[in-house]
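Shared between the two complexes below is chain A, which pairs with chain B and chain C, respectively.
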Partner chain A sequence: MKAGYRLFTSFCWVSALLPVAGVCGLIAFLLRQGWDVLGLKLFFGDTPPLDAIFGFAPVWDGIWPACFGTLAVIALAGLTAIPLGLFCGIHLSEFPRSRFTGLLDFCVNLLAGMPSILMGLFGFALILFLRHTLMPNASTGLLLSGFCMGLLILPYMVKATQSSLAGLPDDLRLMGAGLGFSKSQAIRHILLPSAGRGIMGGVVLSIGRAAEDTAVIMLTGVVANAGLPRGLFDNYEALPFFIYTMAAEYQSPEELQRGFGAALVLLALTTGLFLAAHGLHNAMEKRWKRG
Partner chain B sequence: MLAILLFLLWFSLPLCNADALSKLLAWDWRPFQGQFGILPMVAGSLLLSFSALLLAFPVSVGICCFAHGMGPAGPAALLMRFVKLMTSVPTVIYGFVGVFVLVPLMREVFRSGSGFSWLAAMIGLAILVLPTIVLMLHSQFMIVEPQVKLTATALGMTPAQRLLHLVVPNSGRGFATALVLGFGRALGDTMIPLMLAGNAPQVPGSVFDSIRAMTAHIALVVATDSQSLAYLSLFACGLILFLSSTLVNLGLQWLGRPDGRKE
Partner chain C sequence: METGMNAAISIRDLTVSFQGKPAVSEVSFDVMPGELTVVVGRSGSGKSTLLRAVNRLNECFEGCETDGRVAVRLAGKTLDAYAPGTDPERLRSRVGMVFQTPNVLPISIERNLLLPQKLVRGVDGAGARDIMERVLDDVGLLDEVKDRLRQPAATLSGGQQQRLCLARTMALEPEILLLDEPTASVDYRSSEHIERLLLRLAPTLPMLVVSHSLGQTRALADRVILIREGSLAGEWRRTSPDADTAFDELLSSAF
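Right, the complex of A and B next:
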């Protein structure tokens, strides 16, 4: 029996070290391969940076268009998901439970567990549908991607709003009633400002999700070499997709290097966002712990 | 929200009439000869997810035990933080590194095929679902452990004895939830199967064979093909995925409900 416990102990140590070693190795590998290319040249190639940022000159061998596409998708997704998620979360946490809220709750959970590629497929089907009915020349593009991405991150938003409102002490709700506020006034002026940090944490977390997901945009309008998008309905490039194409069909060592650079940039972006969300969440919890 | 879900269903349902369905539920995928069976992909998805779970689950249990008394406190806290950080690594980066590290490794070590194989995708997926399982188990252990800690210490149990005989047997529901959650995550992921598994539409004979998952199938067919029945197969895959994620969700709710009532 003693040997069994010893075996168990060593098993725990091994399995604790295994993923740490794996992920550290992953990051070290990326850093070693991609460190040299990090710099302005990685983003803008040979084009002067300012011209590239404002779109005066096309960027041929930099990842700026991909970065821009990612940022644009994030912005559009945020526009879709943040207001909708906010109100949905408020409804779920502050209004009396009923059949409808139960159903809504279930739907949010369902949406949260949905594979991201289904969102992409949904967007794709939407375009097919529009082509058959209203707009015969509808095609995939930035707007559609943003919308589908918004759907993908919506449950994260809802959950974050819901849990940070639910984590507030009851005194605050009583205070609203005591001051003679109506329910919506209380939510607007007391609860939302107090839960602000938690909700911001949710926003940042869902932005991180939107930045990393590849499957959605793959089906809804990302292409390998589009340059900067000319409008909301145009195709575009994005960082995760860029990394994917580089892995599949790079043509020269320089391109591969750029792939590693892009992977590093994306990793830094999502890790940074995640840490920010975590920090906000912790700050929120600390603030209301007494209550 | 509801509208969104209904919309999704509505798009997939009419496309699956009985006549096409029989064609789709076959074992051959040869688009140029008019055979559009999606069963290999279904099997591929299931095999991949289960094997990844098989790989990730013991390691996750080990990690959780490490964090709850088997390892020193400092590294344990650090480890949990690290696992949380792992959730933020984009899947495409796992795939990317997998292509340049794991796949050549497979090729060298096992000397079979191109290295894009079931095994490579399995390892990638296992790393992906690991944090999901660990965090779920961790939260379950957090509930169970304080309840038994005092008793166990009073009985003179070592941490290993406490974990093996008290904590683990008492968190069965947590184990089940973690498994279901991990399964849903593994089934739904696209990038790792797409980049690492080789994507040959076949039922693999060994772990070194190429395999194609439903998610990867959707991505591939949208990218390349435009024949009508091929599209149908897409929506059929989508529907299956949708149904399975619904099932996973129902399972989770079913697991969560009695737990909530008990407290």
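Right, the complex of A and C next:
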């Protein structure tokens, strides 16, 4: 019995240490490969940084347009998926069970299991359909990528909201109703803030997925050397696509090194977004608790 | 049998079922104004379900069906709680309820009292703060928390939390009060404080209280309703002749 427990504990410890070791190893590897290339030149090439940032001059040899494109795709995907996923999760958790909720649950699970390349193909087919019907000038671009990426991350938001709300004690629901709160007041002022940490987990997961996925954007608007997009319907660059092309088609060791540098930037960018999301959540939680 | 005309709560042929299984069957009685009515019975006899039927809180549970009539007297008018036109949220805001276990919101002490006032009654600012201080004083909590109002309510002891829950309900100035074993999870001093408050409020605020404590029932009740397996099994009134003996007989048959 004692030996069995010791084996169990050891297994738990090893399992807990492996992800930590994996992440540390990955970061150390990326730092080793890409540290030297980190600098303004990686971002802006030979273009003056301020001119590049404000779009006065094009960037031919830097990842600044790719950083901007990635941030834009994340923002558009978030704008699509976060509100939709939140309300969808509320419907699944807080509304009475019916045939429709069963169907909705099934569809969300199906969407969660859908490979991202299919989402890209869907976006591409959508543009082809629009070109032959309503919009002959429709083309792939930032908006389409954002929308398709939003669909890809929607199940993360739905499931995070649904499971966080479902995990709350029934006493909270009964208390709101007992005080005379309407259903929407109870959800807005009691249940959602109480489930905030879990929902924020879904947001973080969604941001991470939107930042890294390449299959969706490859078929919906990302191109190499597009520069900064001039509008929502324009093609754009993105960091994961840049990393992919550098890794797959590099002509010199320096190009590969720039790929590693871009990977470090992508990691820093998503970490920054996670921290911002947590900061926002903490501020909201503090405001909710103290009024 | 009472007519229920002037009753604060009038219950007639009330049956509540969950997934087709009755928890309360054919119960009828009245709670008269100025009278503190205590419901007693063994665990699982349907006391809490009976209490929740008054403010339609059973509807929060899936598979609940309610038959019969529950009428409450609000603002001088009799309101059929289960009539199609009755708004359950308004009903619940006027018929306050305190639960068996303290269920404070995971927010600050003062926000526990201010948020419901703002959302349910639209009272905000200095007016809401005045009410907050008054109800905290009523439940004997003001001196204990006045210097830590912005601290989380969860830092209070169990007894303090239950008194905060009572204060939160009182802040909404209900016209009827339902209490489901309000002293079940509090210490002796808090229990004594709550009982004194209930006795003070009883003449002006009709109350229906579920209790497991024989001593508390004897101290508080003007009237006792005994529930056994979901049905009305006996009644007692303080004003009835030979009340002490009748009380002992009723309670001995209850437990």
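One rule holds in what follows: the second predicted complex is superposed on the first by the 234 of 291 C-alpha atoms of A that agree within 3 Å, B and C clash if a C-alpha of one lies under 4 Å from a C-alpha of the other, contacts with A are read in each partner's own complex, and residues count from 1 in each chain.
Everything that follows uses one rule, which is that a residue touches a chain if its C-beta (ideal position, glycine included) is under 8 Å from a C-beta of that chain, and two chains touch if they have at least 3 such contacts.
Because the structure is a prediction, the values reported are computed rather than measured.
Within the superposed three-chain model, A:Val204 lies out of touch with both chain B and chain C [touch as defined at top]. Of the two partner chains, chain B is the only one that A:Trp13 touches; chain C does not reach it.
Look at A:Ser182: by the touch rule set out above, it reaches chain C but stays clear of chain B. Looking at the shared chain after the overlay, A:Leu172 reaches chain C, while chain B stays out of its contact range.
With both structures placed on the common chain, the touch criterion links A:Arg97 to chain C but leaves chain B unconnected.
When the shared chain is aligned, chain C comes close enough to touch A:Ile190, but chain B does not.
When the two structures are aligned on the shared chain, A:Ala215 is found in touch with chain B, with no touch to chain C. Shared-chain residue A:Ile117: touches chain B; no touch with chain C.
Counting the residues of chain A touched by each of chain B and chain C gives the higher count for B.
Looking at the shared chain after the overlay, A:Leu30 reaches chain B, while chain C stays out of its contact range. Across the two superposed structures, the residue set of chain A contacted by chain B and also by chain C is empty.
Of all residues in chain A, only 96-97, 171-175, 177-182, 185, 189-190, 194, 288-291 touch chain C in the complex they form. The touching residues of chain C, counted against chain A in their complex, run 55, 57, 60, 62, 89-94, 96-97, 99, 101, 103, 105-108, 110-111, 114-116, 119-120, 150, 152, 168-169, 172. Those residues of chain B that touch chain A in the complex are listed here as 1-2, 4-5, 7-8, 11-12, 58-63, 65-67, 70-71, 75, 79, 82-97, 99-101, 127, 130, 158, 160-161, 163-164, 184, 187-191, 194-195, 215, 218-219, 222-223, 234-235, 238, 241-242, 245-246, 248-249, 252-253.
Those residues of chain A whose C-beta lies close enough to touch chain B in the complex are 5, 8-9, 11-16, 18-20, 22-23, 26, 29-30, 33, 88, 103-104, 106-111, 113-118, 120-122, 124-126, 129, 151, 154, 208, 211-215, 218-219, 240, 243-244, 246-248, 259, 263, 266-267, 270-271, 273-275, 278.
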